Amino acid sequence: MSLVSIRDLRKSFGAVQVLKGVSIEITRGAVVAIIGKSGSGKSTLLRCINGLETFDNGSIFVDGIDVAASRKDLRDLRRNVGMVFQQFNLFPHLTTAQNVMLAPKVVNREADTRAKAIASEMLAKVGLSDKADNYPSQLSGGQQQRVAIARALAMRPNVLLCDEITSALDPELVNEVLRVVEALAKDGMTLILVTHEMRFARDVGTKLVFMHQGKVHEEGPPKQLFANPTTPELAQFVGSTMH
Amino acid sequence: MTDFSFWVILSNLLLATRWTIVLSLVAFASGGIVGLALLFARVSRIGWLERLTKAYVEFFQGTPLLMQLFLFFFGVALFGVQVSPWLAAWLALTFWTSAFLTEIWRGCVDAIPKGQWEAADTLAMSYIDQMWYVILPQAFRIAIPPTVGFSVQVVKGTALASIIGFVDLTKAGTMLNNATFRPFLVYSLVAAIYFALCFPLSWFAHRLERTYNVAR
Amino acid sequence: MIYKLQFAELLPYWDILLRGLAFTIVLTIVSTVAGIALGTAGASARTFGPTWLNRLMGAYVELIRNTPFIVQLFFIFFGLPASGLKLSETTAAVLAMTINLGAYSTEIIRAGIQAVPRGHLEAGASLAMTRLQVLRYVVLKQAFQKIYPALSSQIVIVMLGSAVVSQISAEDLTYAANFIQSRNFRAFEVYLVVAVLYLLLAVITRAVLRWAGRLVFPKA
């Protein structure tokens, strides 16, 4: 049974059709890497899964919940689906620990002490226990992104969506974030990542989705697809991005 | 003889100034509370609620404060309530202030990056929680200079309350002018006292604006 | 007990309303033109004039911006005659509104002038233009384009503030409203209608200013 089921998804921004009928099945524990050129629709696809973007046709089911039907109850969906952004989007007026424990406290109505414990646990998971009382502005990009991951994890989601989470980082900081994501994958978290990190996609991913002009162009095990792309577009994309 | 008149005039004006200050403070406070509630409505992304708030702001910003004072003064009486100049002035100034403050604060909320809303959205926070814990704390800092700046407009606005009979600094000036026939002196003093009230606020708002811009 | 609003009782007085409306419109137009002229002179003086002039204009601006318009109006109409200068209600109204708008527009236009890049002034100077020519041909048009929205807003604010001139018996729209309600005792209806008229005036003024702006300033 798929955890996330996307069927014939279509979306247009005005006159421009960005998603032209996308269908993907994602099982529990899968690590799905979505790759493709800019404008191929990958970020839009990701943002449809948790309702940040609405879609025109097709369907998305997450853990049996219809994303479109429960538009009013999008909040319930988002308790199960976490997201990490390219620009981190940490709350600048709160400390690291406060950032992580805000949602558990306010949404799940956890008691203060319990929320603090959750925050400590998550920060330990991403290796930033010592930065609990720092403000985001005092952290490096890599550290901020790891806090963002901890913040999303604090809600104990079933699925974690990662929208190009290393694209805004200096190269030397990318690894610390990827290592955290790899650890999550090993723990059995279902991950859907839009990424440009091809090596990570090949080594950690369980399924590769290559998007081209709004459709799924190729889909399959990453190692196999990278070694033997079946379409010229993927071959060209791999050739230009792998070093 | 001249000196005696001067001090009588000045002391009477200063006594009346108390009421100007009280009305200003009370109207600013109640206007702020109403304005905050309106802010939640204005930014709620609920179509009809936003439109209603927009119309409210359009009315109170697009009509003279004097008209609003008259409307409240005569309008409240229609409900059979005993209307005093104080009540009408407080009501009119509250709604007038709330319209301006909510627009100022809306501008500040709009300045918060969309990513903050999205992050709070994905954490399953309700709209009210998002505003209260994430957006407003950040908007608050940006909002201080223009809010302090607007307080000057409120003080100047209370001068119109004199027209419906509220005995504030301006009304006292008019009464003293009628009694002493020394308009040049009386209104100079009235202006001076308003200046003494407003200028520090203006200066402070200007300072805050500079500090904030430097900090950015 | 429901009070029945009787708007029909205003109809006999439509001509008085119209005259008041016309007065307000003309008053606003005259004061706007004069006030902006004053503001332009003031802004230029503050930016390019000697320091003492800058300080003097600064004092004028702060004085006007930190005192209520009604007090300024009373001072001009009641206070000045005591010093020998007697004014009619209309003259006092125009003068007060001009001086008021003059102060606000001095600051608004000054901000626009300061936003003009230094390089443009230097270019003008190196083309052997006089200071006045640089001001007129290079600086002012750019400055006005930049601050046009803020200036338009201020004009509408002053137009709405003109309601106060009724207090010195200048026969504007508010004066007409006061007159009518003292005759038919329908105060709420009269003031509601007049408030809506002011609202329409504000909307139309803003639209006219926007249209004029597009005419004078090409889309940058």
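Letters A, B and C name the chains as they come in the text, with residue numbers starting at 1 for each one.
Here is the rule we go by: a residue touches a chain if its C-beta (ideal position, glycine included) is under 8 Å from a C-beta of that chain, and two chains touch if they have at least 3 such contacts.
On a predicted model such as this, the values are computed, not experimentally measured, just so you know.
Asker: From the Cα centroids, identify the chain that ends up most central relative to all protein Cα atoms.
Answerer: B
Asker: Average the CA atoms of each chain to get its centre, and name the chain whose centre is farthest from that of chain B.
Answerer: Result for the farthest chain: A.
Asker: Distance between chain A and chain B based on Cα centroids, please, to the nearest Å.
Answerer: Once rounded, the distance between the two centres reads 46 Å.
Asker: How many Å are there between the centre of chain B and the centre of chain C, using C-alpha atoms for each centre?
Answerer: Chain B and chain C have C-alpha centres separated by 21 Å.
Asker: Measure off the straight-line distance from the CA centroid of chain A to the CA centroid of chain C, and report it in whole Å.
Answerer: The separation of the two C-alpha centroids amounts to 56 Å.
Asker: If a residue has to touch 2 or more other chains to count, which residues of chain A qualify?
Answerer: As it turns out, chain A has no residue touching two or more other chains.
Asker: Would you pull the chain B residues touching chain A in the complex into a rising list?
Answerer: 113, 115-116, 118-126, 129, 133-134, 137-138
Asker: Mind listing the chain A positions that touch chain B in their complex?
Answerer: Interface residues on the chain A side: 50, 52, 75-76, 78-79, 81-83, 85, 87, 89-93, 102-103, 106-107, 148, 151-152, 155.
Asker: Please give the residue numbers of chain C that touch chain B in the complex, ascending.
Answerer: Per the stated touch rule, the residues are 1, 3, 62-63, 65-72, 74-75, 78-83, 156, 160-164, 166-167, 174, 177, 181, 187-188, 191-192, 194-196, 198-199, 202-203.
Asker: Contact residues on chain B for chain C in the complex?
Answerer: Those residues of chain B that touch chain C are 58-59, 62-68, 70-71, 74-75, 78-80, 152, 156-157, 159-160, 162-163, 170, 173-174, 177, 182-184, 186-188, 190-191, 194-195, 198-199, 202.
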